[in-house]
Every structure is written in C-alpha cells, then in structure tokens.
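Next come two complexes, and both contain subunit A; in the first it sits with subunit B, in the second with subunit C.
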Partner chain A sequence: MKGYRKYFLNKLLWLFITLIFAFVLNFFLPRLMPGDPVAAIVGRLAQGMSDTTGMKAVYERYAELFGVDKPMIQQFFIYVRNVLKGDFGLSFSQFPRPVADILSSSIMWTIGLQFPAIIVGWVIGNVLGAVAAYSRKGWDKVIMPVSIFVSNIPAFGMAVILLAIFAVDLKWFPTSGGYGYDLIPNLSWQFVKSVFVHYQLPFWSIVLVAIGGQAIGMRSMSIYELNADYVKYARFMGIKDRTIIKYVFRNAMLPQITGLALSIGTMVGGALIAEIIFSYPGLGYTLLNGVMGQDYPLISASTLIITIMVLLANFIIEIVYGLIDPRIKAAQAE
Partner chain B sequence: MKHTLRQVFHSGKFVAGFCILVALLLLIAIYPLFVKGDPLAIIGQGTFFPPGTYVNTYDSIYAPNTYTLNLKDAAANRIAQRLPEKDREEMKTWLVAYGIPEEQIDVNDIKALLDIWFENYDPNESLGMIYAKQRYYQRLNDSIRNLLSIEGVILAEKNPETGELQEVGIVNQTDYVNINEVANVRVLPLGTDNFGRDVLTELVRATAVSLEIGLVAGVIATLIGLTLGLLAGYIGGWVDDFIMFITNLFTVIPSFVLLILISFSIGQEKRGAVTIAIVIGLTSWVWTTRAVRSQVMSLRNRDHVNLSKLSGHSIFYIITHDIFPYIASYVVMALILQISSAILAEASLSILGLGPRTTDVPTLGLMMNWAMIYQAHIMGRWWAYLPVIIMIALITFSMNLMNTGLDQVFNPTLRE
Partner chain C sequence: MKRRITILSILLVLAVVLSACGGTATTEVPAETTAAPTEPTEKTEEPTEAPTETEEVPSGEVVLPRKETMYFNGQQWGSVVCWNPYSSSCNNAMTIAQQDNARVLMFETPYLYNMLDGQVYPLLADGDFAWDEGRTQITFKIKPAAHWSDGTPVTAEDVAYTWATHVKYDTATGASNKAYIADIVAEDAQTVVIKAVLGENGQALNPLLVQSYLSSNYVIQKAWTQKLEARVGEDSAALLTDPADDVVWSGPYTKFYTDDTKVILIRDENYWGQDASMWGKLPIPKYLGHMIYKDNAAGTTAFKAGEVDVSQQFIANVQDLWLKEGLPVSTYLPEAPYHIGASLPTAFFNLGSYGLDQLAVRKAIAIAVDYDTIIANAMTNQSATFDQVPRSLMNPTPGEQALYDHDAVKDLQFAGKDIEGAKKLLDDAGIVDTDGDGWREFEGQNLHYVATAPNGWSDWQAAIEVVAAAGKEIGIDITTNYPEWAVYQTIVTNWPLPEKDFDIFMMWSDGAGPTQPWSRIRHLMSSEFAETTNNWNGNWGGYKNADADALIQAIPSMTDEAALKEAYTELVRIYLTDIPSFTLMYRPQSFHTVNESVWTNFPHEGDGTVPPVPPLDLMDGWSVAGLYNVTLVNP
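Right, the complex of A and B next:
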C-alpha cells in the first residue's frame, strides 16, 4: 500500500501544479485582449451625458469597481484572494450580476448533462467494440463502418441533425433550453418532466458521438489482445473460450480507461458546443454569452471551472486506474 | 520507399479515404473554373432561398420564341400549386364556421368548392377569428380569384408621353418558353444562405479555406511535436524532464479551453484564417510529442544507432539518418490526424463566435455559425447547414480511413 500512496501523492502534486498553471493562463490570456471593456460599459451607462468631467468620474468609478486601474500583477493577487473566497468579480455583459452567481446557476446543468452522457457513451461504446472484435464476421461488418462514420460527424453536427429531425420535423422534443420557458425552477412534477424532456436530445447527441470513438478504440485494443501470445498459449492449454475472453477484455479495458482520462477534455469541449446548439443553460451557453459580450471576467471564470472539472475528472480516473491495473500495482510493489 | 507506397495503396481503406479526399480537392480546383465570381458576393435579396433553378421572369416574357404546348395536366398542376390541400381544408373550416352544412362541402371538388366560396365569403366577416387568421383568408381570397379562368394575362406598358397603360402582349396559359432561350437563368443547387449568398460556391471556397487551416495547423503541430519528441526521446536527461513537464501540463489542460482563451485575447480584428490556424497548431502538438518521444526512446539503444554513434556521427546526423526514417510513417499518420482535428477545432471555435473574422473568407465553421445564428436549423432550412456538416464529416472520414489503412500497413497485428 506504501507504493500506492506514493502514486497517489504524485498524482495529487500534478493536479496541484496543473491547477496553478491553468489558473495563471486563465487570468492573463483574456486580459490581453485589445480594447477597453470598461469603456464599453461606461459608454452604455453614460448615454446622453454631455459633461466630460462627469463621464470621467463615472469611468474612474467603474475602473475602480472592476479593479482595472491597478497594474496587472496587483490585479492578479486581488483576483486570487477573491477566488479563494468564491468571488469571481462582476460580469461586464450582465452588469451588475456577479460572475459567481451566473456560474452557479449554469454549472449544475453542465455536470448533470455531460458526465452521465460521457459515461453512458463510454460504456456502450466499449461493449459494442468488444462485441465487434470478438464476432469479427457478422456484427463487425455492421458495427465498424457505422461507428467509423458516426464518430466522424462532429459533435455539433450530430446535435444539429438530431435537433432538426426530432425537434423540428417530428416535434417529439423541444428545440431549445433546459426546461419550458414558461416555468420557474422548482421541484414540482411538471418542472421535472419538462427538464427530462429537454434533457433527451442533448444527452443522446453527446452519447452517440462518444459511442463511435470508443467502439473503434475498444475494437482495435481487443483484436490486439486476442492475437497476443498468452491467448494462443491459453487456447493450446485447452482453457475454455469464455475464460479467455474474460482475461482479454479485462486487459483491453485498461488502455480504454486511460483513453477516457486523456480524451475527457476533448469530449467536454465537444459537449459544450452541443449545449450551445440546444441553448442548454449550461457552461457552454454561458461561455457563448461571455464571448458575445466581450466579458472576460465571465470567460476566464467559466474556462477555469471547465478546466477544474476536466482536471478533477482526470485525477479521479487516474486514481481508480492505479487501483485496478495490475501493472501499476506491480510497479509499486518493487 | 517505392515498395512501401505500393503496399500502402494495396490497403482498401487507405485507397477509399484517399479517393474521397482527391475528389474533394478536385471539386475545389475545378468548380471555380466554371462558376466565377466572389464566393461571398451577396446575390439574393432576402434570406435562405431554397435550392433550385431560378429563371428570370422578365427575360422569359421577352424570350425570342413562345411555344404553345397543350398539356393535359397543366391546369390541374396550376390549381394544386396555388390552392394546396391545406388551404382547401382552411376554406372548409371558414365555410363551416360561417354556417354552411359540412356535408355540402367537398374539398376534392375544386370547382364546387370555389363556387360556394365566392358565393359566401365576405372579407369583412370576422367570425370571431384572430386578426392574423382573418388576414390569411383575405390573402387566400385574393390569390384564388382567377383560379378557374382560362384567360391569359395582359401585359401593359406605360406610354412615356401620355402616361397611359397600353397593351403590348398577352401571356396565355398554354404559353411556354424554352429555358435555353431565356437570357438569365441561375442554378442554385444549394440555395442561398442568410445573407443571400450562393451556398454551393461559398461551400467550395469554405472547404478550401478549412483545408488550408487544417494543413497549416497540422504542419505546425507536427513540426513542434516532432522536434520536441526527438529532443526529449534522444537526448534524455533534464531536456527530457523539462519537455515532458510542459507536455504533461498541456495534456491535462484541455486544448479547447486554451484555444478559446488565446483566440479571445487576440481580438476580433486580428483574427484571420491563418492566425486561427497558427493558434490551433500551437495548442495541439502534445500528442505528437508524446508519441514521437516513446518511439524514439525504443529506437535509441538499437544496434544501428549505437554503431552510428561509435562512427562519430553528429547528433543531427543520427537523428535524421538513423532515427527519423523509422518514425516517418508514424509522423505522417499523426499529421493526417492533426489536419482533421484542426478542421474540427476551427469549426468549434467559429460556432462559439471566436473563429476568423467574418469579412474576408468563408470557412466551414463560419458557415455553420451563420446558419446557427440565423436559426436555419429551427426553420428547416437544411441547405444552409447540412452540406456543411456532411463536408466536415467527409473530410474527417476520408482522413481517418487513410489513417486506419496506414495503421494496418505499418502495424501488422491490426490486419484483418
């Protein structure tokens, strides 16, 4: 167990380093944007004002409020202190709403949509891939071309196609939003039903794309393992096919778990775009609003949250992986 | 080399992918020769004209020859188009609401239906309907007034001196013109987009630009990845540690987030297609670095490399002559994947509104973005977005097929 603790601490240290790095990038990159966003807000607020000293006073007041009058480094440390307290500053585009407030209303939608979808897609994809690899002849001829083609439709393309077919043509599901526009979020039966109905299309569009990619990966992994020497040896020994397959798929699964850890960032990126297509009230949509409104406090906070989500997911997968992969266990025992 | 190429072209998957890609490239090269003009020229006044052949009405009236064709179903077609089933049902609804017994109305007997309609319809009667519905019936009434007449339409011109209208000709219901004799006919196979631009012309140009973006980004990413991977793998030591530290950092931080942050910080004005390509290239080299490094590490201690070292060759010589040839196939595969993922990355960025600035060139992502902003998918204007999705899917599909084919050639365990 000592070896595992070392592995765990090593991963934890990495999580910490990457978090700091991501935080710094998240702060500085959007603030390098040319143009003065405060001037834009003041311009909007001070419409019709002719008194230049008054305008200047308003500008200075807002520059102070957003903290852009201080040097960048000083702003950074103030930001760090505030973020630790859960304060991400004020939004530019939805002024005077705090960024933390906007994010807290969207983050649950994203987590509730993306993680189940990615997990379900991953599981179904792996099962299909394994079946395709084992049954080479029949299923493989169907599953493979279909999954290759499906995985090549971009995530947003899948979202648009599903939307056009099931929401616009067949009218089975609503076209946009996370719940009926005439409802106020509460725990009534009507609201839950509306959320469920709105959930289906974004969910399945993410699942379908994930299935394709995972099935292809699992298939080639399984084929690789099925041809390995230990399988041939086991066959010569007369071990039952069923037992061999259990070993084979367990070994083929392991790289797939690392694959999930590595591809989760890309998947989340694709799913964010799917959210935008469905106007789902999650982080993707918030990000779009931030971009449209040139709102860098909102952008850097939402990308920071997305990064943290991906990093944490990665960390958890690696920790689980360390527990189940015999090779890592063996390396730790030395 | 020749042998390898022959082997590669024996792989069915590679050849299939290669053919799709070549077909796309030919389309990009040949189409502009036939359809000249600016791909971003706004030709349609209005949004989303459906696909089809557009014949100039003015020119068809003044076509050199008018032919008389007595076609049996012409009248029926005309009525069916001007008074579709849905409108007839609506007429029935109005008449029933007005008080005509339902069994007297037969929506399939158009002549009887029109007789009852003209006898009873009163545009001023609201029947408790909302205003929009009333207006709908008024418009319907106007459009079907002359439906059953067999008279032609009289063409009149204004006399420049007196200002009076003078009859100059008549267009009979049996008059036809040959489309080849009409001066102005424009085929819009994919209709127009939200700005009134020809979608097909725009799509061809956008595909070219997107492929360029993919190529530039892919080459940059592969070059960076190759250099770093070779250095880390071959030199090892602290160089390896340092490069791997940076690589691991960028592996876990989603490149999508970096792309958003960098494109945003560049600002709308300075974002051209090439800038976006460079940014994508700079954020996607990580995979190539990791893969090249692990390949080089396994090659580093091979006998022929040691022999080369003993012969006193420089590091540069060893890398280019003793290591690179062994990983070349891998690098080509990585490049293909980088190109296709860069095209996807551009499309995703553009949908977020962070793509190339919209004034100079179309890209596949921008076309998608415009279609989404103007709600083409909700209004059922499939020609504005479906060809774009299919084009992106075709490009990535062809490249992935080529890649799988190459993989099977260079990785014998995967062969069927």
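Right, the complex of A and C next:
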C-alpha cells in the first residue's frame, strides 16, 4: 500500500501544478485576443442614439469599471483575490449581470442535457461494439457500417436532420426552446411533459452521434482482446465462453473509461450545436457569445470550471486505475 | 458488482429508449396546448403582484392563453439583464430602448415619433411642445391623466429629475445630450421647460437635438430614482449596474416572467393611457412574449410554425412564405421591396489608404459595383433599387425624399455596373496598368485593396463580395477579409485605420428619426468625427469638407423650408461628387413581417390608420398604436 500512497501523492501534486498553470493561462489567453470588449459595450450603448459625441467619457468610465485600464499583471492579482472570494466579477457580454448568475442559470440545463446523453451514448455504443466484436458475422455486418455512417454525420448535420424530419415535417416534437413557448415554469404535469418533449431532439442529436464512435472504438478493442493469447489459452483450457467474455470486455473497457471521463469533464463546455439548432438553453452558446464578445470574466470562469472538471475526472480515473489495474500502479510507483 | 452494473446499464438504456417512444406518443401535446389552453385561474388583476424576482414562478397563469398573447422575434437576443431605465445595457430590448424610435411598452417618452410622416405625437405630454420666440427653450405640459404604476401622478418634476440624474451620474443619455441641453426644469406640476445650450447667435446651439430628446428619452419617476440613489449610495457605477427589480413604470406593460429562454410582459390593467385623453382603452394583447432564439433560423422556424406573430428578423425571400408555402404571412408592402427602407448600409473608403485619396479611384469603384446584384442577393430584393430611389443622403421615406431637389443632382447619379465608364475614368486620370500584370497603378504602385465587413453579418459580406468583384473588372485588385465583430468595431471606431485590411469597409448609417436626415448626413460627412478615436458616430473614413461642415452646422437652426431644401440639395451634391462613401442598399428600420394565424389587423400600407402606424413591431415610437388596433382572427 506504500507504493500506492506514493502514486496517489504524486498524482495529487501534478494535479495541483496543472491547475496553477491552467488558471494562469485561463486568465491571460482570452486577454491576448485582439479587440476591445469595452468598445463593444459602448458601441451597443451608442446604437440608435441621436448624438454620441459624449461616448468617449462613457468609454473611459466603463474601462475604469472593468479595470481594463490597469496593467495586465495587476488585473491578474485582482482576479485571483476575487476568485478566492468566489467572485467571478461582472460579465462584459451581459453587463451588468454577474458571471456567477449566468453560470448558475444555464449550467443545470447543460448538465441535464449532456450528462445523460454522454452516459447513454457511451453505454449503448459500447454494448453495440462489444456485441459486434463478439458475434462477428450477422450483427457486425450491420452495426459496423451503420456506426461508421452515423458517427461521420457531423453533429450539426444530425441536429438539422432530426429538426427537419421530426419537428418541421412530422411535427412530433417542438422546434425550439427548453419548454413550451406558452408556458411559465411550474410544478405541473403539463410543464414536466413539455420539458420532456423539448428534451428529446437535442438529446438524441448528441446520443446518436456518440453511439457510432463508441461502438467502433469498443469493437476494435474487443477484437484485439479476443485474439489475445490469454483468450486462446483460456479456450484451450476449456473455460466457458461467458467467463472469457468477462475478462475480455473488462480489458477492452479501460480506454473507453478514459474517454468517458474526459467527456464528462468537458461537458460543461456545453452542447453548442444542439443549443443553437434547437435554441435550447445552456452554457455552450453563452460561452460562444462570451468568446465572440471577448467577455474575459465569463471565459475565464467557464474555462476554470471546465479545467477543474477535466482535471478531477482525470485524477479520479488515474486513482481508480491505480486500484483496478496493478500494471499501472506498479509502473507509476517505480 | 459487475453484474449489477450490467443490469443497471441495461435498465438505463431501456428507460431512455422507452422514454423516447413515450415522447413520440405525446407528440400532439404542444399543438393541443396552443389550440386549447386549459382555462387558467384568473390572475389577480393588480399588476404589482407580478413577481419582482426573475426566474421565480409567478402566481397565477402558467399557460399563457394563445389568444391573449402576442409573440415577437428578432428583438431580444440573449437573456434580459436588468430593468433599469438609467442603464443602456440591460439587454432588455422590448422595454428599454431610448432611441429615435424609443420603445414605450414599460417606460414612456413625452412624445412618440412616427417615421412615416416625420411628426411627433404626444404621449405623456399634453399637446404640442413650443419653442419660445428667441428659440432658447421648449415648453410642454404633462397630461393630467398620466400616472405611475404606484398610482402617483407623472409630474414635470419627474421629467426634470430624470434629466438631473442623467447628468449627475453621467449616463449615456446625459453624456450625449448635455452639450445641447443646459437644463430641464419644472415650472409647475404640469409644465416642463427645456433650456437649450445657446450658440453664438443667442439661439439654441442645436434645436433639432433638443427637440429629439422629447421623443427619445424616458421619463423616470423621481421617487423611485431617489430610492435607487439611496440604495447605491449615489455611486455612479452602482446606479448603472442596479438591476432595478423594484422599478416604477408608467407604460401599458410590465415584466411578468423572464429566464434564459423567454421574456413575458403582462398588461398593466391600471395603465393611465386608457383615459380618454390618450388611447381611450387598454392595448389588446394581455401578454407580450418573446422567446430567446439563438439564431435567425430558429426564430424563422418558429415564425413559420405560428409560434411568433410579429417577426423583426430578416427572412430571405420572404415572399415565398405566402406564395410558395401558403402561410398567412405578410409584410408592410405587398410587393418588393416589401418594407419601408430607412437606413443606408454604406461602404466607406479609408481616405488614408494609398490611392483612395484620388476621386477617380473612388468614383470608378463606386460606379462599377453591381448594386442590383447586391439587392437581389444580399437583400433578396427587400430593398428598393437605385433606379427606384436614386442615391442621395436620404432614406426612401417620402418625407426625406421631398427634402432635396432630385433634378439638381441628376447628372451625378449612378446606378452601378458601369464598367466601361469606370475604366474610362481611370484611364483619363492616368491610372493605368503600365507593367502589364493586369492591375492598374497609381504613381507606380499597384492598386490593391482589402474590402471588409464583420464575420457572420451575411448580408454585408455578400455585398462586399460584389464590391470586390467590381474592382477586379476594372483592374483594381480588391480582396475580401472578414474579422470578428469584436475586432472589427475596435479598429473601425479608432483612427488611424490600419495601413491594410480596412481600405473599403461596411458600416451603418442612421435610420429614421426626429433628427433625420440631418443626423445621418452629419454622421456620414461631418469632419468633427474624422480621424477621431472612440468614434461611434460616423465618417469613419476620415472625410473633410469645409463647405459640408458649414451646411451641417447651419441646418438645425434653419426654419425656412426653401433654404433647408437648398442646403440639403447642396449636401447631396457634395456627397455624390466627392464619394467619401457609397450606399450599397436600403434597409428597413424593422423587417416587420407578420403571421396572421392568431392576430390580424397589423399595420399595412394603406390600412387607413390616421396618423399611419409605422411598421416597427408595435412598440417603437408611434408604432405602439398598432397594439390598440390588432384583432383576433378567430375571436
């Protein structure tokens, strides 16, 4: 167990170092983009006004308010101090809304859409891939080509196809929104049903694309394992197929689990395509707008959350690997 | 353990697959909801009962009856941020827009501007405003019937205090008007006096801008403002960032519900405007709703599905909706250009670029451009052509067209695609291709330009491509480049422009408003904006002409119509002679396309309304009158 503790502490240290670097980059990279977000805010104010000669003063006031007139390094320390207090500041693109408010109002939509979609896509994909690998003949002839075909449809293509067929033509599902356009959120059966119906197309547009990729990956891994020496040896030994398959799929799963962890880590970034095509609420589009509008506080806060989630997911996976896979534990502890 | 995981996974997959099938089984639900809404329990009529917190479930109706709700699109992009009428950045498109055609659903201006006849009509004000003899101040009265949502009367003191607050806290309104308005004072409870900043002649420095304040800026309650000031400790930044959830309003609607997907306003049943001195009744729809669509396509899909009644989005080939798809959709004009053009999207020459200081080069490019292609492609013919409305500095509204002498500038007109004329112009100026590489040179250097527009502004990009194509035909190498808007606007509004990449660039010009066309001309030509930074006004190419400046300065004080017409004609002449920039198309103030599945009797050309209701989405300036005229298709 001593070796494992060393492995654990080593991983923890690297986690911390990576976090520091990511945090610094999260702050500086958006600010290195060309362009001036304060000018964008002032530009919005100026539109439609009869006279805008006083806009220079307004610009200077906003620049001072956001602190962008201070040296970058000074801005960084102010940012660090505020983040430690849990204050991500005011958004530029949705000024004067606080970043924390933007994130809290959209993050649940994003997680609610992404998490089940990732899990379901992953589970179905892996089951199909494993079945294809194992059965080879009949199933594989169907699953492989279909998986390759589906996984190569770009996400926006899938979303538009679903929208055109099921919402516009067949009118089975609504075209946009997170719930009925004529509803106010409330605890009624009607509202829950509306949320559920609006959920389907964005959900399946993500799941269908994910299934194909997962199935292909799992199939390849499984076929590789099925041809491994230990499988042949086990067969010679007369071990039952069911038991062999358990070993095979346990080994084939390992890289797939890493992929799953990364997907979950990055899911906060949002399902941008589904959000745009179905006008579904969520963080993806907010973040895109933030990037377009150089909303430094929003970009930094979102990327910080994504960074932390990816690091945590990786960390957990590595710790779990260390436990379940002695080879890794041994290699890392050396 | 593994078996349990397997079983759980299978159950999960089954659950999702079954739930999806369940979803298809309930397919008719959304449609049914709209057609026959469950009878809601009647909401208490006191509008102040509406939730003061956003994202809180309001009491009362949770299904908005379709026949009491009018839906819009194209105005609200992204979530509403605040309800603070002092802030210009609430992203609250339906209720806070202090501009030439101010949106008056929740907060109200003294007067309403009507872009169709160029007149202003009293809203909070009682009767017309009047200049004094020496043109130093404006006096107007407040309607006795006008009252706030808390029941207290709207007074002259509210108007004065609103102005004082704008100035004290240096809001965008204060900053941009204090050069022309010296003070606003309450003479008595009903009488407001606006004192102008005076020019050298002892008269108002700019009477036009003083007047336009009356139809562009809201009256905000003094008592609430004082409460706000106390809350923010008189701190300017805090005042502008206050969400103002407790704001007091005077308009016919107020907030009902907002979240990241929608904004719903509810009618104020105690609205003062139902008094005979104003509308005599309440506006017809009880709720106004605006879903937050993430792009034009989503909004248009919903519009076609009848989930949106009034669309303010550009819909390519809009006539297909009724001609090919048979939808009950219409625009203000039944035939092309379908809308009333109001602004002039314009390509500016960077006069600091090599060779663009030469009139021959500018004019050759401008006359070579195929404008009909731009109008057919970028605008799908939703713009008048330059044969129909010859180019000038005026928008296509009859009011502005009458302001200059068309015949006097006839010889300066160009309708485009004049390749031979452009080539001759350049040849005559000695700008020819001497080294045989296909591109003309000026003083030994090839004419190479970059034409640009913001990325994603598809109509502007399509137009700029046509400009570039014209250059190639006359031996001037024009390539295109589309930076992101965040970068684009920073560069364009800050002189000097870069040495390359911004030689020919798109920017807007003013639409319709009480200071037009003067303000548009000023923004296109006045040298006060040339070569400046933080320039959100215009003249981004750096054009200077002393004669034009003198006319622009003189016009606001002119009262003689003949002299005014002469001045405007002269400005058009200068503009068409010097070509510092050139208009590529006409664009409506709003696209105003309506789906008459639920509501009808929207503003249309020749609808018989007097004064005519402009096609501006039933909330901008006088167009709000349209909300009192709409009727249900199936009552």
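To be clear about the criterion, the second predicted complex is superposed on the first by the 275 of 334 C-alpha atoms of A that agree within 3 Å, B and C clash if a C-alpha of one lies under 4 Å from a C-alpha of the other, contacts with A are read in each partner's own complex, and residues count from 1 in each chain.
FYI, a contact is a pair of C-beta atoms (placed from the backbone, for glycine too) under 8 Å apart; a residue touches a chain by one contact, two chains touch by 3 or more.
Source: prediction; values computed, not measured.
More residues of subunit A are touched by C (comparison of subunit B with subunit C). Within the superposed three-chain model, A:Q200 lies in touch with subunit C and out of touch with subunit B [touch as defined at top]. Shared-chain residue A:G178: touches subunit C; no touch with subunit B. Of the two partner chains, subunit C is the only one touched by A:F278; subunit B is not. In the superposed pair of complexes, A:M292 makes contact with subunit B and with subunit C alike. Contacts of A:D169 after superposition on the shared chain: subunit B is touched, whereas subunit C is not.
Of the two partner chains placed by the overlay, only subunit B lies in contact with A:F21; subunit C stays clear of it.
In the superposition on chain A, the residues of subunit A contacting both subunit B and subunit C are 33-35, 163, 168, 175-176, 276-277, 292.
On subunit B, the positions that touch subunit A within their shared complex are 248-249, 251-258, 260-262, 264-267, 269-270, 344, 347-348, 351-354, 368, 372, 377-378, 380, 382, 385-386, 389, 392-393, 396-397, 400-401, 404, 413-414. Subunit A meets subunit B in the complex at residues 14, 17-18, 21-22, 25-26, 29-35, 148-149, 151-157, 160-161, 163-164, 168-169, 175-176, 220, 223-224, 227, 262, 265-266, 268-270, 272-273, 276-277, 287-288, 291-292, 296, 299-300, 303, 306-307, 310-311, 314.
The part of subunit A that touches subunit C in the complex is made up of residues 33-37, 39-59, 61, 65, 90, 93-97, 102, 105-106, 109, 116, 119-120, 123-124, 127, 163, 167-168, 170-188, 190-191, 193-194, 196-197, 200, 204, 207, 246, 250, 275-279, 281, 285-286, 289, 292-294.
Of all residues in subunit C, those touching subunit A in their complex are 2, 9, 12-13, 16, 19-20, 23-24, 26-27, 29-31, 33-34, 37-38, 55, 57-58, 61-66, 69, 71, 78-79, 81-82, 87-89, 91, 97-101, 170, 172-180, 209, 212-213, 216, 236-237, 240-241, 243, 256-257, 259-262, 264, 289, 291-295, 297-298, 301-302, 305, 307, 484-487, 489-490, 493-494, 511, 513-515, 519, 528, 533-534, 536-537.
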